[in-house]
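Letters A, B, C, D, E and F mark the chains as written, and numbering starts fresh at 1 in each.
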Amino acid sequence: MRLVDRLLSTIDRITPPATVHAHCDLPCGVYDPAQARIEAESVKACMEKFNGSDDVVFKSRAVFIKEQRADLVKHHLWVLWTDYFKPEHLAKHPQLPDLFWKATKAAGETKKTNDPLVAQGLLDQIAEIDTIFWATKKG
Amino acid sequence: MRLVDRLLSTIDRITPPATVHAHCDLPCGVYDPAQARIEAESVKACMEKFNGSDDVVFKSRAVFIKEQRADLVKHHLWVLWTDYFKPEHLAKHPQLPDLFWKATKAAGETKKTNDPLVAQGLLDQIAEIDTIFWATKKG
Amino acid sequence: MRLVDRLLSTIDRITPPATVHAHCDLPCGVYDPAQARIEAESVKACMEKFNGSDDVVFKSRAVFIKEQRADLVKHHLWVLWTDYFKPEHLAKHPQLPDLFWKATKAAGETKKTNDPLVAQGLLDQIAEIDTIFWATKKG
Amino acid sequence: MRLVDRLLSTIDRITPPATVHAHCDLPCGVYDPAQARIEAESVKACMEKFNGSDDVVFKSRAVFIKEQRADLVKHHLWVLWTDYFKPEHLAKHPQLPDLFWKATKAAGETKKTNDPLVAQGLLDQIAEIDTIFWATKKG
Amino acid sequence: MRLVDRLLSTIDRITPPATVHAHCDLPCGVYDPAQARIEAESVKACMEKFNGSDDVVFKSRAVFIKEQRADLVKHHLWVLWTDYFKPEHLAKHPQLPDLFWKATKAAGETKKTNDPLVAQGLLDQIAEIDTIFWATKKG
Amino acid sequence: MRLVDRLLSTIDRITPPATVHAHCDLPCGVYDPAQARIEAESVKACMEKFNGSDDVVFKSRAVFIKEQRADLVKHHLWVLWTDYFKPEHLAKHPQLPDLFWKATKAAGETKKTNDPLVAQGLLDQIAEIDTIFWATKKG
């Protein structure tokens, strides 16, 4: 058995207990609901541009650019929910599972409408998540 | 106001009620937990290849390819959870939020270890999701 | 010359003969035509949704979501053809090169039409590939 | 010539003057240097995790996750520089071209080192860009 | 039935025959084997950098950056093979299916070794494809 | 402290001076303005296809495929500007910052119009960059 491999397998045997209980993917530990909020603001802006335009080509660009932005909102929310939040947060904030489920569903709904109220509802849910997030940061 | 635009805005006014209550993103309506399962099998296989190899370059490739596969597992699970499952499913299967949260966290944990038991645990959770998924399909 | 580097170059000198003849990219060895099939079912569903809708915005979403799904079909088929299938499979199933060429071209064609028959033709070709795939698995 | 096409071409003939002079891609008009800052904080955190770890597998994960984060920093900075900033901003802030060039090069350098000072230098340049960005927003 | 929809469905009924027989995805008609060649040159350069370096972190970066470049080589070759080449080209150049199969497999092999000869072999196959490609362009 | 880790940290201490002053991301050293030019030719072709078509579905596909191609043009130009070009090039070719800024902005503008003259203007700017690029290669 080679030296490098012996070292690798040794380290491997030693580290799992530590890593298996970690809660983010590197873990690098950097999270910020602002990432979801910024993309959601873009979703809302795309709707307003869509509604304010007479150009059928522009309107179709607004629709698929909004689609991509809404996907990013969902991705950033999923990462927060799966990687950042821990059981102890859930104990303090039992509304989190439902809040994230509804917020990500709302992000999906923004793809299907150009009603800015739907995007505003998403932004309100992200603001609620943001408040809880920073509360957990303060501990 | 142009004709096309008048048509667009008319259609827009009429469709939101329908679309706002839809639950998948097109909606195309095609979902299958097999997508998550296949990537999770790849994650487990990468761990076994890692453990069975003497080649330090191969081992590092196994680590970052596993990382990408685990990201796909998370993505496919998130899509199922957010886009496919509806409140009526949740009423029948109250364990769903916790099951998806743990499964996606397990997918994140597979990035941090090369212990195939962690990948097997992920595969078991996906199998549980798969059973519920097909039960909801039968109605 | 450093120890780690000496180990790396030693291992490097030893492993190429083995890896150069391997046929998948890690190799993790996990393949499943279901990945292409699921995306192709989504392509067909997008066409049916397109044909069944009165909403010009929804119709354009169906078109570009279908485009993305068709790209995934092509990708999954290419990976099967390039990474999974080996010369010995080709010897037993000489129709494979033409079958994959036509199936991937059919996937491209589904982007240009909303005729579900074109998507069904693609699904039939994927089913044919699936049959051969599992036959090669049994050896 | 079909009605829809006639409408499309008419609108096309009319809109270019307006769109050709627009400066962001939809334009949705939402920009925020926080996107680059958050990824750069992640880059710095990856370096610190790399330096603080004994696990050779974890260290290699830190390296390639940092690589991806640094790519996102570059992307977000490029978008700000190309899509948000306009000639009138450049007139008021002549240091912008050099500042963005150095900041994106610094982001590239963070891939090649695990010295947190290099990441901090990048964060300082992003902070400088952030100050100018918000000054231009106030007009 | 709405006017726009009637127009859409009319156009739909009329266009399939044309589009179903088209051979590239928009079709935009722009292809160039240089895209695959440039990425393959990068793959070879990554190997040389890997072999010429003493830095274990740099060496692992070379490995995963090479992996990404090799994926791009495969993608560009697949697009050429599936989207550009037509049955009439195949009739004139019967070696094409085997040439593309071997070239894409060679691209996969460059991920598993740091032997520049393997990358050179890939470059030679791309050069062969390039010669045939431009011959078909002259008609 | 483990042997591998000691080696890693030793190498780390030694290499930064060298890498911090490098100017491309691996560095693999392979760059070619042809990558931006090929995507820009595709952008122009998409516009011509858009203008030459009566099919409203095809026209919307042309618009979003063009959008993706224009993004690739921007990406390839950004990489050239940030990763390839060095202060000494800037000293010899002081027009570079403005040329790249305008070319990437022109790429953004091609998303908003179907006027091939805008795409041709982009191609002309890429040709100018190409001339300078190869001049710097000759030294």
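The working rule: contacts are C-beta pairs under 8 Å (C-beta built on N, C-alpha and C of every residue); 3 or more make two chains touch, one makes a residue touch a chain.
Not measured: the values here are computed from a predicted model.
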Chains touching both chain B and chain D, listed by label: A, E
Equivalent interface to C-E, taken from B-D, B-C or A-B so that over half of the residue contact pairs match: A-B
Chain of greatest Cα-centre distance to chain A: E
Distance between chain centroids, defined by C-alpha means - chain A, chain E (Å): 34
Distance between chain centroids, defined by C-alpha means - chain B, chain E (Å): 29
Euclidean distance of C-alpha centroids - chain E vs chain F, Å: 19
Sequence positions of chain D contacting 2 or more other chains: 2, 4, 7-8, 11-12, 15, 19, 25, 54, 56-61, 64-65, 111-112, 114
Pairs of chains satisfying the touch condition: A-B, A-C, A-D, A-F, B-C, B-D, B-E, C-E, C-F, D-E, D-F, E-F
Contacting residues of chain B [partner chain C, same complex]: 7-8, 11-12, 14-15, 19, 25-30, 32, 34-35, 38, 41-42, 45-46, 49, 54-58, 61-62, 65, 69
Of chain F, residues touching chain C in the complex: 3-4, 7, 11, 57-58, 60-61, 64-65
Chain B-touching residues of chain E, taken from the complex the two chains share: 2-4, 59-60, 63-64, 67, 111-112, 114
Contacting residues of chain A [partner chain B, same complex]: 1-2, 4-5, 8-9, 12, 15-16, 19-20, 22-25, 51, 53-54, 56, 59, 74, 78, 81-83, 97-98, 101, 104-105, 108-109, 111-115, 118
